[in-house]
Amino acid sequence: MTLLQVRGLTKRFGALAATDALDLDISAGEVHAIIGPNGAGKTTLISQLSGALTPDAGSIRLRDAEVTRLSAHDRVRRGIARSFQVTNVFRAMSAVDNVALALQAGDGSSFRFLRPVARERHLFARARQLLERVGLHERADVVAGELAHGEQRQLEVALALATRPALLLLDEPMAGMGRDESAQMVALIASLRSDLTIVLVEHDMDAVFRLADRISVLVYGRLLATGTAEDIRANDEVRRAYLGTDAA
Amino acid sequence: MTRRDLLPWVLLMVAALVPWLAGLLDQGYYVGFVRRMMIFAIAAASLNFIMGYGGMVSLGHAAFFGIGAYVVAIAMVHGVTSAWIAWPLAVLFAALAALAIGSISLRTRGVYFIMITLAFAQMVYYLAVGLKHYGGEDGLNLAQRSVIGLGLDLASETTLYYVVLVALATVMLLLNRAVGARYGRVLMGIRENETRMEAIGFATYRYKLVGFAIAGGLAGLAGALFANHNLFVSPAALHWTQSATLVVMVLLGGIGFRYGGLAGAVALLMLEELLAALTDYWHLPLGLILLAVVFFAPRGLAGLFARRGAA
Amino acid sequence: MTTTLLVEQLLNGLQFGLMLFLIAAGLTLVFGIMDVLNLAHGSLYMIGAYVAASVAQVTGSFWVALPVATLVTGLVGLLLETTLIRRLYRRDHLAQVLATFAVILVADDTVKLIWGPAPIMLSAPAALAGPVELLPGVLYPSYRLLIIGVGLALALALYLFVTKTRTGMLVRAGSSNRDMASLMGVRVDRLFATIFVLGAMLSAVAGALLGPLLAVEIGMGENILILALVIIVIGGIGSIRGAFVGAVLVGIVDTAGRAFLPDLLHRFLSNAVAAQLGPALAAIAIYVLMAAVLFFRPQGLFPARG
Amino acid sequence: MKLLEVRAIQAGYGANQVLFGIDLRVAEGSVVTLLGRNGMGKTTTLRAIFGLLPLHSGEVHFDGQRVDGKSTDAIARLGIAIVPEGRQVFPNLSVREHLVAFAANRNGTAQPWNLDRVLSMFPQLSARQKAMGNQLSGGEQQMLSIGRALMTNPRLLVLDEATEGLAPLVREEIWRCLAELKAAGQAILVIDKYVQRLVQIADEHTILERGRVVWHGTSAALAADPQLWHRYLGV
């Protein structure tokens, strides 16, 4: 069953067509990787799927409901959550406060003016659970700005998970991670696949080939090819445009 | 109850003793002086709520202060003297004005927001100047102070002083609770990272607008009290330099600190009083002191005493 | 409404707009390049007017007063830039608002100390006292024509400077990407000081030229500052073209509003209400204009950072 | 004494330290690369060299004099020009203005790069001299960014992800341009992903992992050790 259906998606910045009449289908439950050189329009695509950017043309349908022009916060309510390529967390708040704030968004109204949030134990308990799931529970009370680069990337994923998404858009979760941290993040993503559909934008080809059910190659805002890991490895056009002369 | 939690109660005690002390030292003037400080503390605290916690730098906050004052004065002209009617009306009109101005201004960001709030406030200023029927540029005198009943007569300087003190204490209590509550967390999240707030499901525009209206309403309350304090209102209270003064108070006191607005109002008005007594050219030393604050106390007075993080 | 009145008011609007451009140009460049919101820019306009008035009284010649005022204010601008403004460009806008608001307080009292609290006289050059016949039957004060001439000349000079000269290119580069300009070897600090002094001198010219028409008094800078801020926001921060279009627009809307709105309202409303509402609406017109522009173009008409 | 000497520099953003003691040397006329995955400190190293980021410790020497602590524009005027990541052309300057505004002869060569030479190297640019920075395609912006740097005739040309996100044929043109510059004796410091091509052009390579130098050596040594590629470069 197709969870997300993208048809003719177009977004221009001046003379540049960052997304050029793109068609894409994401099936429910799959890990669908999107690869392509920097500047191919991957982040622009994620921003349009998440609602941060409004496309110039085309349509995005979630479970057959039109969401093309829906705002970011309404799409989160419909179950589309995203992490950011450049870490984008609440740097002055602790990790647990970060996640608690994200949980607060989906847990009743935030127009409450008197009851101290600190007393809402359930929020912080669930926040610590989520941090444990991404491997950050020991660092829960550290201010996010002082977390290491890799830890901040884990917090990014925790913040996205806190909105209980059906579709998780991960924008280069492994960016800037060393070997061990990448392995940890790959394990985390693998553990999420059971109850989530994931769109994974990533450069780290090991992770992509290990995690992805299907891979789409994006070049100049256009879909060059979509298929299983084997199809993509074998595809000459992809090899020339992206993987360089020798495949990894 | 750490030392920091004790501080507000100590301040409350000191403020409560002022009229008695003033009477003892036969310095009746200071009842009015401290009362004026407390009124501006309410306005500055309401600005700190949206500026310090919500990141909304409004250079037009005095407009709502002025609207509150004018509502009470105009109601008085039409025979409505009861505080229970005029003051809530003042808060309501100021909040509605803030809702209208905020609904447009909050579509812009950064410096453009600063400028559009300034522009709307100038519009309100020129409307007040245009109200020839209510004194126009020369302002409007109030026949009497509002009537509050309950056996209290606001004509007495001390009674009005305590009413203002109660109002200030209530406003500070409510604002501090709001900062600690879910709404306050959302405001702080918006100040720090509005894109991430949208990405985790908050309709940030709505929260900002509500905050802007609340702060506008509270400034309207301060305006209503100011009209009673002075028994006179004029467009000068709405001029952009008044809005700039409120911003200066918040910065001087410590932006984003719970008592930043209050501390700034007290400090600035005391400074003005002290310097004006020393010289006619008191703007000069005041300007130099503010420059010193910018470079040596970037987080304001509260910043000098607080721990590293914002309270 | 006779054509003379219409022409006269439109020219007055253009004249006022061009003077506002001289002030707004410096403000938008300083804001565009160094991202410094300088509320004290109005004080430089005031200083220019006061110095011009004093020199005119001493030398008896307006033509000596104008250049002297421009140079003196330029020096004041250089002093202000090196001591204070240079330390502000890494700070956020709030710190800049507080610091430059403090400078207004200092400037107002310093002027009061030197020239006293009362407004002082600055009279236009005698030779230009009379009107000039522009069109048959249409007379227009020659002094105001001079202002329009000087304003247009300076606007053209500034436009050529920014678009044709090499320094102009560096100014534009600095305004859109400061770090990259530094990486190309541009002495951004010196460039900024030049721009700040240039802005101060332009404001001084406006101060000296408008002195005879508006009162030379303490605090004259603040009202003009608000108009200049409105203009650079309408035009798009950092854009000279935007400042020019914004200034002429505001000049005409403000002048025409004050001249024609009251009459216009008389047609629809009773005299009492119209008399009351007219001036108020006229004063509000430019703010309505700005709110409208921001609503549709949140970055102004000509956003410099393309 | 090499043209550029970076000695054990440490730097970071606020509390987040990124560089933990980087050493790097570029000799006159040589082509040196800085390799490593995203976020390993490559661009941060450049920002430190150019004084855009204060050093916690360590030194940077250029042309024999110490430059850390100098202003960014002073360092640039000594003769270092950068083609920055993301190209960073000026939206409000035309192609021609980009090339004319910053022109200089900082290495004092007899045949300096001038407008004609740059336009002949990038014919596509010469056809679009009037276009503004924000009206150019990615490839055109990249060529303009390189042309702008060449017009200052730097002693050291620094390229940060110069071929990133470009179509293969445009990328080839950039490699051809680099080969030409090397042949002309231009000292170049290159940060790029396409190791296969770099090995053919550059003399020495330095690999960064989490802000530390984990390998340094010649092209031959790098070419002979594919394990390195896999471990540190994810290729």
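Here the chain labels run A, B, C and D in written order, and each chain numbers its own residues starting at 1.
Here is the rule we use: contacts are C-beta pairs under 8 Å (C-beta built on N, C-alpha and C of every residue); 3 or more make two chains touch, one makes a residue touch a chain.
None of the values given here were measured: they were computed from a predicted structure.
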Approximate Å spacing (C-alpha centroids) for the pair subunit A, subunit C: 49
Centre distance in Å when subunit B and subunit C are each reduced to the mean of their C-alpha atoms: 32
Euclidean distance of C-alpha centroids - subunit C vs subunit D, Å: 44
Touching two or more other chains - residues of subunit C: none
For subunit B, residues that touch 2 or more chains besides their own: none
Sites on subunit D at which at least two other chains make contact: 134
Chain-level touch network, classified as line, ring, star, complete or other: ring
Pairwise chain contacts, counting only pairs that touch as defined: A-B, A-D, B-C, C-D
Subunit A-facing residues of subunit B, complex: 174, 177-178, 180-186, 188-189, 192-193, 195-196, 198-204, 207, 210, 309-310
Touch list for subunit A against partner subunit B, complex: 50-52, 71-74, 76-77, 81-82, 84, 88-93, 97, 101-102, 104-106, 109-118, 120, 143, 159-160, 162-163
Subunit D to subunit A touching residues, read off their complex: 14-16, 37-40, 134-138, 161, 164-168, 194, 196, 209-210, 230-231, 234-235
For the subunit C and subunit B complex, residues of the former touching the latter: 31, 37, 39, 84, 87, 91, 93-95, 97-99, 101-106, 108-110, 112-113, 222, 226, 229-230, 233, 237, 275-277, 279-281, 283-284, 287-288, 290-291, 294-295, 298-300
Subunit C contact footprint on subunit B (complex, rising order): 57, 59, 104, 107-112, 114-116, 118-120, 122-123, 126-127, 129-133, 136, 240-241, 244, 247-248, 251-252, 255, 281-284, 286-288, 290-291, 293-295, 298
